[in-house]
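Per-chain numbering from 1; labels A, B, C, D, E and F assigned in written order.
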Amino acid sequence: MDMQKLTYLEFQEFISKKPIAILPIGAVEAHGPHLPIGTDNYLAERLSRKVAEKVDALVLPTFSYGQVWSLRNVPGSINVSNEHLTGVLTDIGKSLYKFGVRYFVIINTHVGNMTAIKEAARNLYDFYKDLKVFYFIYPGTAKITKEVRESKPMPGGYFHACEIETSYMLYLAPDYVKMDKALDDFPDLPEDFEYTPTPWDEITDTIVLGSATLATEEKGQKIIDVAVETIVKILEKTK
Amino acid sequence: MDMQKLTYLEFQEFISKKPIAILPIGAVEAHGPHLPIGTDNYLAERLSRKVAEKVDALVLPTFSYGQVWSLRNVPGSINVSNEHLTGVLTDIGKSLYKFGVRYFVIINTHVGNMTAIKEAARNLYDFYKDLKVFYFIYPGTAKITKEVRESKPMPGGYFHACEIETSYMLYLAPDYVKMDKALDDFPDLPEDFEYTPTPWDEITDTIVLGSATLATEEKGQKIIDVAVETIVKILEKTK
Amino acid sequence: MDMQKLTYLEFQEFISKKPIAILPIGAVEAHGPHLPIGTDNYLAERLSRKVAEKVDALVLPTFSYGQVWSLRNVPGSINVSNEHLTGVLTDIGKSLYKFGVRYFVIINTHVGNMTAIKEAARNLYDFYKDLKVFYFIYPGTAKITKEVRESKPMPGGYFHACEIETSYMLYLAPDYVKMDKALDDFPDLPEDFEYTPTPWDEITDTIVLGSATLATEEKGQKIIDVAVETIVKILEKTK
Amino acid sequence: MDMQKLTYLEFQEFISKKPIAILPIGAVEAHGPHLPIGTDNYLAERLSRKVAEKVDALVLPTFSYGQVWSLRNVPGSINVSNEHLTGVLTDIGKSLYKFGVRYFVIINTHVGNMTAIKEAARNLYDFYKDLKVFYFIYPGTAKITKEVRESKPMPGGYFHACEIETSYMLYLAPDYVKMDKALDDFPDLPEDFEYTPTPWDEITDTIVLGSATLATEEKGQKIIDVAVETIVKILEKTK
Amino acid sequence: MDMQKLTYLEFQEFISKKPIAILPIGAVEAHGPHLPIGTDNYLAERLSRKVAEKVDALVLPTFSYGQVWSLRNVPGSINVSNEHLTGVLTDIGKSLYKFGVRYFVIINTHVGNMTAIKEAARNLYDFYKDLKVFYFIYPGTAKITKEVRESKPMPGGYFHACEIETSYMLYLAPDYVKMDKALDDFPDLPEDFEYTPTPWDEITDTIVLGSATLATEEKGQKIIDVAVETIVKILEKTK
Amino acid sequence: MDMQKLTYLEFQEFISKKPIAILPIGAVEAHGPHLPIGTDNYLAERLSRKVAEKVDALVLPTFSYGQVWSLRNVPGSINVSNEHLTGVLTDIGKSLYKFGVRYFVIINTHVGNMTAIKEAARNLYDFYKDLKVFYFIYPGTAKITKEVRESKPMPGGYFHACEIETSYMLYLAPDYVKMDKALDDFPDLPEDFEYTPTPWDEITDTIVLGSATLATEEKGQKIIDVAVETIVKILEKTK
């Protein structure tokens, strides 16, 4: 299922039967004192694997560098511009199409990437009538998230390295979580937060937006399971 | 040493003491019937780790998508344009500089990436007087390669998935090598091969240029050891 | 208040006292059989004037061409790319800054413009430390909208030329509304609607998503009043 | 005739019968102490309407932001780069073509826009064999202008906010003209004025190049009438 | 005076005394049956030399590739885009500035180049306060041209490979002129010629616009002498 | 054979029989105290002529501006960016193709140009199936160079204005060589020279890398003759 391990002949054979390729994309980004800066990459990779197992699809190597404008001033956050990210994702889609892939599934775990991903998907839409590009960022999980959440959401729905995201990690990549460093932080957002560019280092010192201490593996599992199901359900329609 | 595993606070502390970051970069590319399409990525990652252990430096997540013009028509070869690759690498360097990195070490295993890497390095050179960008592609190994090689080199020095590269894999990532599928192929190159754009699918069906069957772990180790030493020697001068 | 009417000397004097400039931005876009294709422009312009009256600020000429990917295939919908739109908005901000404007207020009525507006705002953020760029798209109206709405929302919150938007027009530009042509349409959205590029001409023939017949001037006034208040409140903090 | 007022269905019907669309384009630019900074936009819009009435064509919303290099340092002059302006105009032309427009008529009143307009027209020329893009800037008026003009022309034919342009405004948008502030200014141009980039704030304090006091509505009407006739004559050949 | 012939040390010394560099720029373009396709390059080069002799300045190697949109379909006409031409000219200016050049004199003989040249000059204007970029295309010759001309001008002032340009060649590069092939052609221009992109192969078969047979060396000398004087006069003011 | 001298009709006829065009490309670059800054241009032009004589092909005007990053800080070295150089070369190729050229032969004498040339060649490869772009930089001369060379090569094979290049000039353009100023310089290269961007002004004051004093016309002739033969042999296969 790990595309990299295959020889080109094996890849060719696999795609001829199952023309789906999954690209995990995350980011290197500060995630508070308890989560690693590779958090989004670990989540993207492992979520992708869970999906791939269910639909028997190939997983591309993780694209580990995302658009991280909001936290770009915080050490450990690597920021790629929308323009360049869009370019590379479009190029990857072109190569995949050439080899017979007809479903290019981008499993994303970092909100900041959505602009570039959508732009790339629209580029590819214009190039190839018979290529379908999907982009997923924990799809279908609004309801279950509301159910499992014990902390109150931040105004505007912002969250980061919090009850929810930490729970994802406890489920998918527990070895990298330091729950003893977990903390809660609900910083006041300035009134114009949504209406003007605001680097997050102006609003938080902890790089946590929410309650990390309330995270549990179980909560993570519940939400991730729904995300996987949602993706799988849509991909199965493509058969 | 794996940067992704650190929290942003640990990253900050590490870099404040040792302002070096190593970026492994390879490619997804056809490598004959016996090597995986992730060959360059496995090599870049593991070579980087060996270097990092010796100089006690951080290793960034592998950049797995390279410029693969020559083999772009062969299934499994993902091709990113020089322009976009240059852009992303430049962005990564900018973020690293912001956080105190002063030695950005690009360990590359795919020849096609050199154009974009050099362009990015020159961009960064102009932006930051006190940032040093290194780019290495098996440096210092010409002599030892000549010594260990049993097959005759292809005209023009071209090689791919051959005695040398397969030996690298047998040493650094043996689990992914299928020596029973290894073969020898010394295709005739057209006389104008070096002088006009020539996709490699016009010259080879096997995607092997050289003798894969002569590869051994020992040969790989000998060359890789020299590459590591060369890099380490240069990086140690930076202290 | 209409910037265009001033001589350059009057402009200079005004800005020296009140360094705010408001840019209305909409789009030319199909809006069903009952609303004009200039709907977003009328709304942006009149909403901007209401704000300008309250805060005594200048209103720039309306930028009437937006990013209209979703409806680009439907006659009358003019689509400008994100790249070019970002470029022009950034240029406008640069000129305004040069003349002393320190609050560049973009009042937007078309969702498709948000990507370019944010990119431009971030560009300007990097150029000028003391320029604040605001972007508003009916801010603060979630609650009041829920209260006045009689029709059920479409899944995913999508809406267009519907109860809400038609009410805006009945309040702000009633002369251009043909309520006798108003209709209701709640098309089924394909399950992957949010996850893959989908031109809206694939989901609707009427170019209405919701219930236009339920629109009233009163509903429009209630929501618009809250939007104006929200913007005014934030701008007043800037004094 | 005002395209914005139409529904998309009315637009579609209109264009199917008369595939012409007129885009007025001006600029926001300083025009001396007696003319508003929206002068070029008022002129473009009203000139376009006169043409549209005669040929029964649609008028797009005015594009109000032009390339204003020469006066970019004078307050109230908003400057858009040639590159971005070309991009947006090309995009607009593409959308119009898609909906059946075959004559895209750009009525321009600001010299600085011509470079971008021509570049966009050439782009569209290459995309669509059967789209004709026209660009007009007071065409056919050289002779009549010479006749009505009482002041002597500036060397090199430069003029701005002068007898001619003020007369246009007195005819087309008299409400915005403050003739009591009109003045005459014939600044000496440096000898290399035509041969090196020279911002106009280096040559004029009044932002008037010529004699504004000699302007009359009658002069304006005479010239504008010829411009309208010239455009109409050419457009009528397209039928 | 030919910059290319100097060693870098001689160049450095020369520029330290006389910080002027002249760039001749022409085009490869069809010029009727009697003039070579290098006409504009020969003229630019020789005109530049005449100027250089008078002001004792260096002449750069001729830039022989211009923007040739109008004749791009006629064999022998090489067309470089405005974007790329602007880029290269800007780069050249940057290097010259770095080495002490403070007057970058572009002597152009091809109208189509003016857009790119002006754009490059404006770029450089923004980069360097103390660099002056001049652009000349037969400056100051309107009056003398009118005097020597025997043929009537084409409407709109268009001319090409005609009495005037052929006379330039008879004076500056007579060896390349085949007067026995010279002809007269005054094609009717379509009424919309100035108002819509029109490749010249639609209006002429001969690629002559005017009367080539009336050309004489004497006419050429008279006009060129004035052009040289005009340039020299302006450059002498820079001392 | 000099394309510029032909009329467009002669050009058309020539190409219809022999669809080959040769573009000499060099650079303006410091070449020590004994060689002119136009060295690469003289060499490209004269080498091209020798080839053209043998294969009866047209020679385009020399493209005299190259990518000169390494020596860009040394007076007299004009540096064009890879991006712009690629653009112009691609444009030239497009025009040539339009007129029937099917073999676009780029004879290059400056290593720094190879990146842009290859990128342009690959662009053209994708545009036109039946256009062949060749790029030559003294091809096939490795063996003969080793034979004639008396000085030892610099580590890494770097050379500049040395025994070899000066010999080229003594053979092809002796009038521009000042052998009395020739010198020998074998600067120590820093250990990381190949692995990080290093302007050559950091390693040499003389701008000579090698032994200029050992240069002779005979050595130059021997090597150049092989280069010409190699190119001719390949071009003859194209017939």
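Definition applied: contacts are C-beta pairs under 8 Å (C-beta built on N, C-alpha and C of every residue); 3 or more make two chains touch, one makes a residue touch a chain.
Just so it is clear, the structure is predicted and the values come from calculations on it, not from any experiment.
Common neighbours of chain A and chain F under the contact rule above are B.
Traced through touching neighbours, the fewest hops from chain E to chain F number 1.
Where chain B touches chain F, over half of the residue numbers in use are shared by the two copies, so each contributes mostly the same positions.
Taking each chain's centre as the mean of its C-alpha atoms, chain B lies 49 Å from chain E. Centres computed as Cα averages put chain A at a distance of 57 Å from chain E.
Within chain C, the positions touching two or more other chains are listed as 83. Starting at chain C and stepping first to chain D, the touching chains follow one another round the ring as C, D, E, F, B, A.
If you check the complex, the residues on chain A that touch chain C are 69, 82-83, 115, 118-119, 121-122, 125, 132-136, 139, 191-192, 194-197, 233-234, 237.
Within the complex formed with chain D, the chain C residues making contact are 2-9, 11-12, 15, 28, 30-38, 41-42, 60-65, 68, 72-81, 83-85, 87-88, 90-92, 94-96, 98-100, 176, 178, 181, 207.
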